[in-house]
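Labels for the chains are A, B, C, D and E, by order of writing; each one numbers its residues from 1.
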Amino acid sequence: MVSQKREKSLDVQQMIADKKNKGLGRKAEKLVPTILFITAAVSVLTTIGIVFTLIFETIEFFRRVSFWEYITGTEWLPFAGEPSYGILPLVLGTLKVTGIAIVVAVPLGLAVAIYLSEFASDKVRRVIKPILEVLAGVPTIVYGFFALTFVTPMLQKIFPSLEIFNALSPGLIIGLMILPTIASLSEDALSSVPNAMREGALGLGSTKLEVALKIILPAALSGVLASVVLAMSRAIGETMIVSLAGGSTPLFNFDVTGSIQTMTAYIVQVSTGDAGYGTTIYYSIYAVGFTLFIFTLIMNLIASWISKRFREEY
Amino acid sequence: MVQAIVREEQQTKQEMKVLQNQPRENVYETNNLNLWYGDKHALKDINLNIQENNVTAIIGPSGCGKSTYLKTLNRMVELVPSVRTTGEINYRQRNILDKGYSVEELRTKVGMVFQKPNPFPKSIYDNIAYGPRIHGIKNKKVLDQIVEQSLRGAAIWDEVKDRLHDNAYGLSGGQQQRICIARCLAIEPDVILMDEPTSALDPISTLKVEELVQELKENYSIIIVTHNMQQAARISDKTAFFLNGEVIEFDATDKIFSNPSDKRTEDYVSGRFG
Amino acid sequence: MAYINHEVVERQMTKRRTKNTVFKNLFLGATLLALLALVVLMYRMITQGAGYLSLDFLQNFSSRFPEKAGISAGLVGSLAMLAVVTPVSLFLGVGAAIYLEEYAKKNKVTTFIQMNISNLAGVPSIVFGLLGLTIFVRMLGMGKSILAAGLTMSLLILPVIIVAAQEAVRSVPGSLREASYGMGATKWQTIYKVVLPAAIPGILTGSILALSRAIGETAPLVVIGIPVIVQFLPDGILSEFTALPMLIFDWAKRPQEEFQYVAAAGILVLMMLLIFMNSIAVFIRNKFQNRY
Amino acid sequence: GADQKAGNSSSETSTGAESSDEQLQGKIAGDGSSTVSPIMEAIVEEYSATQPNVQVAVGVSGTGGGFEKFINGETDFSNASRPIKDEEAAKLKEKGVDYTEFEIAYDGISIVVNKDNDWIEDLTVKQLEEIWVDNGKKKKWSDINKDWPNEEIKFYSPGTDSGTYDYFVNDVLEEQQLDKSATLSEDDNVLVTGVEADKNAIGYFGFAYYEANKDKLKIVKIDGVEPTHDTIQSGDYTPLSRPLFVYANNKALEDPAMYNFMEYALNNAGEMAESVGYVKSPDDVYAEDKKKLEEFKK
Amino acid sequence: MVQAIVREEQQTKQEMKVLQNQPRENVYETNNLNLWYGDKHALKDINLNIQENNVTAIIGPSGCGKSTYLKTLNRMVELVPSVRTTGEINYRQRNILDKGYSVEELRTKVGMVFQKPNPFPKSIYDNIAYGPRIHGIKNKKVLDQIVEQSLRGAAIWDEVKDRLHDNAYGLSGGQQQRICIARCLAIEPDVILMDEPTSALDPISTLKVEELVQELKENYSIIIVTHNMQQAARISDKTAFFLNGEVIEFDATDKIFSNPSDKRTEDYVSGRFG
């Protein structure tokens, strides 16, 4: 009917009709979502795999060590004649390092983010952002040596009482390592605040600083906080830097100048050490791994709560 | 002055109709169409018949449901997950809202041109050949022919024939829009839906597109949404006035612009709001 | 009527403008500080390692003599591992991203998957090492092979790739999808022919950064127990191998001081690889930015 | 010096190993102690020159980690800086894995102090205990000997999970708690750096690390004996020297490539150990080892 | 019909002018202004004087430079990094394009209302109080008074007085736009720039904003960009017609709409393009 009224050299609709029902178009259309769903399910399988990996050895560990001692004990001495397995010193070690890292990375990272998003020209941003991303990509083992062989000796000149192994130096370096995460993700959050907000505020005679601090930052708060939480879970999970520069002394105190041990460093210590297979020590790394997993889970729940709670509608 | 133009154009149109002197079939018959976006009742009891080889204009203030109605005609509105419809839209006597109706088939028959030119980030050639290719036409010679024929049909062949393999984003807005029209012509649809096709274009490009619409209606049925009342007056045969999701008035274009039956239509076409 | 005294406003203006300038410079200072840290880091590695960098260093196996030690086994191993990680993580990551962005309905399952992905992004790499050891090395019997390590690393960077790909897919304008559907294209045709090509630059940028992380990760390899004493090049994906960071880790622990410099030279190679990959990402980003 | 030795050993192997004219193929996996790994690396490095088609890959997962893999059948041999533990032997039995123990070298634990330390030359084992065992308080040098300075002692020790720590605490301190203020590191270089920088420091680590850093540190004699190759090998330096082992899977030894490799390893272990700073075991130990190995010859 | 309205409104305006019978000062004098976005010459030799306590409308087809010109008047255009200008714009006798001129100061005198309502994601109260606060007014009572006065000034006080501490995003588009106007009034500017302030609004909100503009001109000088010619005719005293970055015609609004001197102006206002 359509084609009658035209004189055309080609009748495309007719060709289309001829081609139809040939080939495997229909089948692909059904199959593809299933395949894609499976790829998406891999991430869930990974989580299940992690829990599966950790759970049996963890259970075995808690057959030997009381759960209560584990979560309340302030002594972590698995290698002593009478071993004790109180996780708190390891948690404290992790928190010390993470705390220092956050204290360094949040103000600096935010400053960088604000500079790049609100003050720098497009060109500058395009150059600096990828360079900063190199900082995030530097292998942590490199940072570890840097902390141990450069930062610690330098800090010792300032604080002579600083021990070779301490929480301060790896904390600072982890701060440097997560700085780009905060800077880059916060910059994304800040830049994605619509320009209309900036124009509105500038139009009222605000300086750029006032726009950044009073309008853009609050509007991007959920993204900024999420970046901080993500950076924090990176800091908690960081392994090589603390193994190399933090020491292996799990002490329950709040001193940052002395040797510490974090949960991750403990796992590395045992993984590369001489502890016998099948011993309680061996099972303990799974329990510690599980604890780490729970930690990041909690962090993530906080992050998603934050981004719901603080999301600004615009 | 506005009205003078309107009247003049409408006269020539009516003359043409008389000359052709043939009854026009309905391409679309819309019966009691209702549409909701979630809770929002966006289209209310629409009843509209659209004739073939005709330009039908849809006008109305922002948010009145023009685009929604247009997108219902090729079921593009379904891309919004929360959409719900009742009623029926018969395209060539078959209800396209039936579950069994293949949207892909519908959309090969019903082309669409959008408000903002939206060429693919590919070469001009690949843009035009996209439709035929996805429908299985692979033969290089046939494709070459289709591309040329469609670009000619969209009155842009001469401007781009030497740069068919350049990226379509290198073209100006007006050229891009005609590329999009050509892309749509490449599968030789029966109906062409146009959603404010000139609102992002400069005056000269607008004129070209308007002329093109006039030519195309010889072979295609065209439904065009526009916020420019003069444009509706200039190029359409029939005009529907939408307000708040309802069709307030649907009639011959000259009637709508010179002597509307509804007060609200009159207010609108005289520019009292919108 | 008038509450705003424009004279007062004018007087305060100088103060506000000064504050603006001061803070702008502080922010700039923070940025430069971060860059400075990178420069110092690089400088140290270069002064320590450059002396050991040579063609031989790239071609030799590790050795007990610092001057003979080389990274060929680690370099080839790392690249071979990357050859596993790249297709696997891209296929899974892009597939998952397309599923989540284009197919998934907004329901509990989708929210759960999304939550799960962002949770995985925060799981320490060392835990992935335990996963790889249990599942790939032992349960699936792959041994300490390139395949096992590659799959472990793929899972490790998967969440990053998914998120990057999701963003890239999301930023393809809806108008392009509409145009394709409007021609009667099916969903998969639209995704395959329009959405994916348009999203590829974004996907690549994010993925390259993730892949460079996979090259530098050490902890999971340590946990898996990737060997370091390896005097041969891998001959298949099931072959045992060693990786660059493992060699660096091993050298740095040697008693002889010279090995510190060998480690630094290894770090330099690793960093060059990394910067090379990042530059590709930057190149892609700048070349294809704002195309629509 | 090192180069010289390397040259020697390779020329020796080309004549010494009977099967070297026959080109073998195969894959051999090992893992285990990081203390043993330098020796093993030297052996593998030389061996791969004679048998390029035998791929030997050795991990450094620690003695325990190595045994874990050995028990699981993932490795053909396991390096250990201590004799196998009863639990581990039991697990091996459970899994039906038969194995053979080879002693390949000696390691001496060196006690070191700062170069500027002018009050210590020699310590008795008893003094060593007094210094290192935790008494719940901060210790000063003057607590041990009134003539020594009234300054706090700084301790540097290998990490708790290392074989060296194990040996020191179990065999020297007889399982008493090490002073809790000690700086522990898995990386012995850090200990070297620590002792080098601190006048009041005392530390211990493997002999190889002392050898490599002789000029930076001051060695302490134990009961009048200074650790040297001779005193360690002869057993005069007690109780601070210990043997290092390789455990081989008997099944794996039936494979010609593995057999060939072990044969090569035992032929050259002493020399390689010396070249990387360890101490040769007495010759009869190697002879004993070779006899054990011969049983698997086909 | 369109013209009937135009004529009627213009008459009342002229009467008013006669009544007031006072010469109006120029707020802005633009001399030979040229502006480039990179290579694109967006404003070409603009010469325009804008009088105080007057509504000046700027009309023209899409892309002709209306928004660009408006944004130059408060130097907002500088947010685009590639912008380059020559010529001068004197605001109250001082050239604002001078390097030394403080933009912040300029912008406290010259308020701006945008095409899309852009309230801050804060409470209504905080939106209005934002301007006074950054200018150093901290006193709660004074702020309360400013907020009320500004909201009344923007004819929205009654609608929001009970929900001052709710988020401004809970309001409808038209209300949001009036909040933005109120926000602008809160710093008591001298001039108000409006860029298509009603184009995203429904007819009733549009009417409200138009009425508001008429009231505001008693105290403020207003420059308004609009694509709705009827709107320009209804509310402005003078109209400038832009085309391709040039001012084609600038005259009293009734002159522009009833008897333009330039053929292009005539074509445009009669709807022949755009």
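Heads up, the rule we're going with is that contacts are C-beta pairs under 8 Å (C-beta built on N, C-alpha and C of every residue); 3 or more make two chains touch, one makes a residue touch a chain.
Treat the numbers as computed from the prediction; the structure is a model and nothing was measured.
Participant: Hey, how far apart are chain A and chain C in touch steps, shortest way?
Facilitator: The fewest touching-chain steps linking chain A to chain C number 1.
Participant: Shared touching chains for chain A and chain D?
Facilitator: Of all the chains present, those in contact with both chain A and chain D are C.
Participant: Name the chain whose C-alpha centroid is most distant from the C-alpha centroid of chain E.
Facilitator: D
Participant: Weigh A-B against C-D on C-beta contact pairs and write down the one with more.
Facilitator: By number of C-beta pairs in contact, C-D is the larger.
Participant: What whole-number Å value describes the gap between the mean CA coordinates of chain B and chain E?
Facilitator: From the centre of chain B to the centre of chain E is 34 Å.
Participant: Any idea how many Å lie between the Cα centroids of chain A and chain E?
Facilitator: Once rounded, the distance between the two centres reads 47 Å.
Participant: Give, as an integer number of Å, the spacing between the C-alpha centres of chain E and chain D.
Facilitator: 84
Participant: Listing for chain A: what residues touch at least two other chains?
Facilitator: 25, 205, 207, 210, 268, 271-272
Participant: For chain E, jot down the residues that touch at least 2 other chains.
Facilitator: 104-105, 108, 134-135, 187, in rising order.
Participant: Where does chain C touch two or more other chains at once, residue-wise?
Facilitator: Those would be 9, 16-17, 186, 189, 225, 252, 260.
Participant: In the complex of these two chains, what residues of chain C are touching chain D?
Facilitator: That would be residues 61-65, 137-138, 143-144, 225-232, 239-242, 250, 252-257, 260 of chain C.
Participant: Show me the residue ranges of chain C that touch chain E in the complex, using the header's touch definition.
Facilitator: Counting only chain C, the residues touching chain E are 1-4, 6, 8-10, 12-13, 16-17.
Participant: Report the residues of chain B in contact with chain C in the complex, numbered from low to high.
Facilitator: Residues of chain B touching chain C: 74, 76, 79, 81, 103-109, 111-112, 114, 116, 118-122, 130-131, 134-135, 169, 180, 183-184, 187.
Participant: Under the definition above, what is the set of chain E residues touching chain C in their complex?
Facilitator: That would be residues 102, 104-105, 108-109, 132, 134-137, 142, 145-146, 149, 187-188 of chain E.
Participant: Which chain D residues qualify as touching chain C in the complex?
Facilitator: Going through chain D, the ones touching chain C are 2-3, 6, 27, 29-31, 34, 37-38, 40-42, 44-45, 47-48, 52, 55-61, 65, 69, 72, 74, 186-189, 192, 206, 208-209, 211-213, 275-277.
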